[in-house]
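Dumping the structure here so I can ask a few things about it.
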Amino acid sequence: MILYVISVGLSVTMGLMGFINLAHGVFAMAGGYVFATALGRFGVPFPLALLLSFLLVGAASTLLEKTLYSRLYGAPELAQVLFTIGLIFMAIAVARAIYGTLAAPVFLPGYLKGQVHVLGRDFPTYRVFLILFSALMILTLWFGVERTRWGAMVRAAVDNRAMAQSVGIDTPRLFTLTFALGSGLAGLGGALGADILPVDWTYPSEHLAYFLIVVAVGGLGSLRGPFFAALLIGIADTACKYWVPQFGAFLVYAATIALLLWRPMGLFGVRR
Amino acid sequence: MPFALETRKLCKSFGALTVADAIDFRLEPGARHALIGPNGAGKTTFVNMLTGRLAPSSGAIFLNGEEITTLGQAARVKRGVGRTFQINTLFRELPVLDNVALAVAERCGLATRLWRPAGTHKEVIDEAGALLAQLGLQPDALRRVADLPYGKQRLVEIAIALGMKPRVLLLDEPAAGVPSHESTRIVEVLQALPAQIAILIIEHDMDLVRRFARRITVLAAGAVLTEGTPEEVMRDQRVRDVYLGELHA
Amino acid sequence: MIAHAGGYTVDARLRWQEALPWIAALAAFFLLPEYLALGARILVYILFALSLDLILGYAGIITLGHSAFFGLGAYVAGILGAKAGVTDPFLQLAAAGGAAALLGVATGAVILRTRALTLLMLTLAITSIVLEIANSASSLTGGADGLSGVVVAPILGVFKFDLFGRTAFLYCLAVLLVAWYAVRRVIYSPFGAMLTGIRENATRMHAIGAPVYGRLLLVYTLSALLAGIAGALLTQVNQFVGLNVLGFEPSGELLVMLVLGGVGRLYGAFIGPVVYLIVQELLAKEFPEYWFFGIGLLLVAVVLFAPGGILGLADKCLSLLRPGSSARASAR
């Protein structure tokens, strides 16, 4: 589910702006670090720390977008790929310099630790919390996209950018806003998941494949797609680890390949 | 003697939208045939189906009597179908000569030669050069396509198609976007094309159509409205209605 | 962003400048004997970069999965040398190249029908799979510890791999020479021109009757073969192979090296690794964080300001000095 939160922003960014942003994991990592630092070093309460990770990463990404990303919107794919790889390298260097090589420690508040008894089985409280939170987020996002004007504009622009622009939608501002939202969500995801996916300096490159898989399988530009993709991957991953542990992530990759060949646009992809 | 190109009840729909409606079309060998119709009538879709870029929903296509409905683009090119695009689809960063040479090499089966340098394949280079000379592009042979004026690029588009030595040539708005002082050159080139090639051109420029075509097919809303000589078609009231003033009388 | 050598209008004969890299290599051999290990590594990466340039610079396929072929070749050579008792260096190279080529055909057949992001993603998935396999099959591959004790018999029965790396260096140089010559011929051939056509405008290539998919598969396999040989060379030189030849990092690094030198220019694949590895050798030991940061920054700067890499910049400088010369990039 964390994968979903992190990747949904990527799906929209890629679908909307046609920009291959491999550095998306950087935002997740940043969020994780902000969260861990706020929680651990400054004793900020849990919900506030989450909010902070969302806002700060969103703000930082806005800055990046205005100064750097926007220059490459029309650029060939290779340039975008290289640029974002460069960003990854820079970010992980900074992360390593500031935080060293150990994973950022996360101290969960007492009310989220332990187990909770649901439907006759025990589940770790935090996981339940995550599921509920993600569900809430999905609803909010869905509401935001399907019902609000902003959502309509995003959908229009994803569908046909030139048309949207000529109708008077301010695409550059829309991009910036959406990018910030997507990156902020990534930060939030990184923060939320910090307990399960430890945040260390290799975070963006290590999980790069997974983020891309979720987005590609789910379909670029869609919001539901990454949800189902993340769900599928999560289930597949757990199932594989349970039944055939020696294969680990192998089957997930294989399944991804199979699925993408069957549906190159992803499950819910928007045709560009 | 079989038709150079023939379609029988060719249909294409995207969901509920029908863009080609049971089109029966015949192109004679050596034809000078024009396809006209208002915007959105489905002309380019039709050509895309002829070349294999788009698969029809139903119906059949025949090339010199042989059915080619299920063949891919490469196979149709081998059998002699050549086309130009409405919007220039050229190798913009490459020299003009290379643009044509690539087509010639492909046709001669030399494109997969791995060892001898391309520059030593005299047959390809000479033939490409001859085609350029035919179209008056010889002085520009070494220039990058992107550096040429639009009208000349349009000519390169035609040169590439000729490099395939097609038996059927489909020209999609060859004069589109070309300023009027350059379009006479294109008309001259079209009129000088070898007589044995069957040519179908899609055009909006009725002046060009009148000078070039011996037969015209009118397409409207995906279906054939009428077909005949230029005089017959121009006089047809339905054609005038459908165009509603788009025709330059 | 990409210039190109080759085509029908270019003179393909060897120019005297093309002897420079080899002269430089021989000079390094005689003048810098302490750095031969680094030198051999550079040569291996030049070969690796050449293989990537074939598909990236010429066919225009963006891939992050090239390390799969490199790693597979490395492990095949390693396993043959350490476990299977096959110690002839040329046999190891052949097997590595063959295995990589097979993987290239198998994966290429599947992924070359897709484009852009999907393709990129699939290449990453494939190299991740190979990494996973290498990691788990530890009885064969040594797992996370790597495979040591790779035995390589003396070349041609005579030249033993000595401690100073002299044999290794010359061996790599010889293999690179052969590979370079082959790649150069391909680039200047009609096939090379056709690849450029695919990169420049695939729609047009389809329209002139080129079976694009089949051609791409051919060059992808060729590229995989070369990458596999490069990987095997690395194993032979180090007599060791570890997991660091697989995954995102080697692919990413290679991409940086190639872009740094200049994509699609044949010699960009020479300059890139030389500059990158030398700078890495000098700086990375001292300042590991700054090194990565510097590379990232360099990459961003290259993308924004100097898309043609070092050779591209050199071209620009040359054309400024000689205002009468044509705007077309010289086919270096």
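Letters A, B and C name the chains as they come in the text, with residue numbers starting at 1 for each one.
By definition in this document, a residue touches a chain if its C-beta (ideal position, glycine included) is under 8 Å from a C-beta of that chain, and two chains touch if they have at least 3 such contacts.
Here the structure is a predicted model, which means the values were calculated and not measured.
Asks: In graph terms, nodes being chains and edges touches, is this line, ring, star, complete or other?
Replies: Per interface graph, the chains form a line.
Asks: Measuring between Cα centroids, which chain is at the maximum distance from chain A?
Replies: Measuring from the centre of chain A, the most distant chain centre belongs to B.
Asks: Taking each chain's centre as its mean C-alpha position, how far apart are chain B and chain C in Å?
Replies: Those two chain centres are 42 Å apart.
Asks: How many angstrom lie between the CA centroids of chain A and chain C, rounded to a whole number?
Replies: 32
Asks: Centroid from C-alpha atoms only, then distance chain A to chain B, rounded to Å. What do you get?
Replies: Centre-to-centre distance between chain A and chain B: 47 Å.
Asks: By the touch rule stated above, which residues of chain C touch at least two different other chains?
Replies: none
Asks: Send over the residues of chain B in touch with two or more other chains.
Replies: none
Asks: Could you please specify the touching residues of chain A with respect to chain C in the complex?
Replies: 14, 20, 68, 71-72, 75-79, 81-83, 85-94, 96-97, 205, 208-209, 212-213, 216, 220, 246-250, 253-254, 256-257, 260-261, 264
Asks: Within their complex, state which residues of chain C touch chain B.
Replies: 4, 6-12, 185-186, 188-194, 196-197, 200-201, 203-211, 215, 218, 327-328
Asks: Over in the complex, which chain C residues touch chain A? Could you list them?
Replies: Spelled out, the residues of chain C in touch with chain A are 1-2, 56, 62, 64, 110-111, 113-114, 116-118, 120-122, 124-126, 128-129, 132-133, 135-136, 248-249, 252, 255-256, 259, 263, 288-300, 302-304, 307.
Asks: Write out the stretch or stretches of chain B touching chain C in their complex.
Replies: It is residues 51, 53, 73-74, 76-78, 83, 85, 89-95, 97-98, 101-103, 105-107, 110-121, 124-125, 128, 141-142, 144, 147, 160, 163-164 of chain B that touch chain C.
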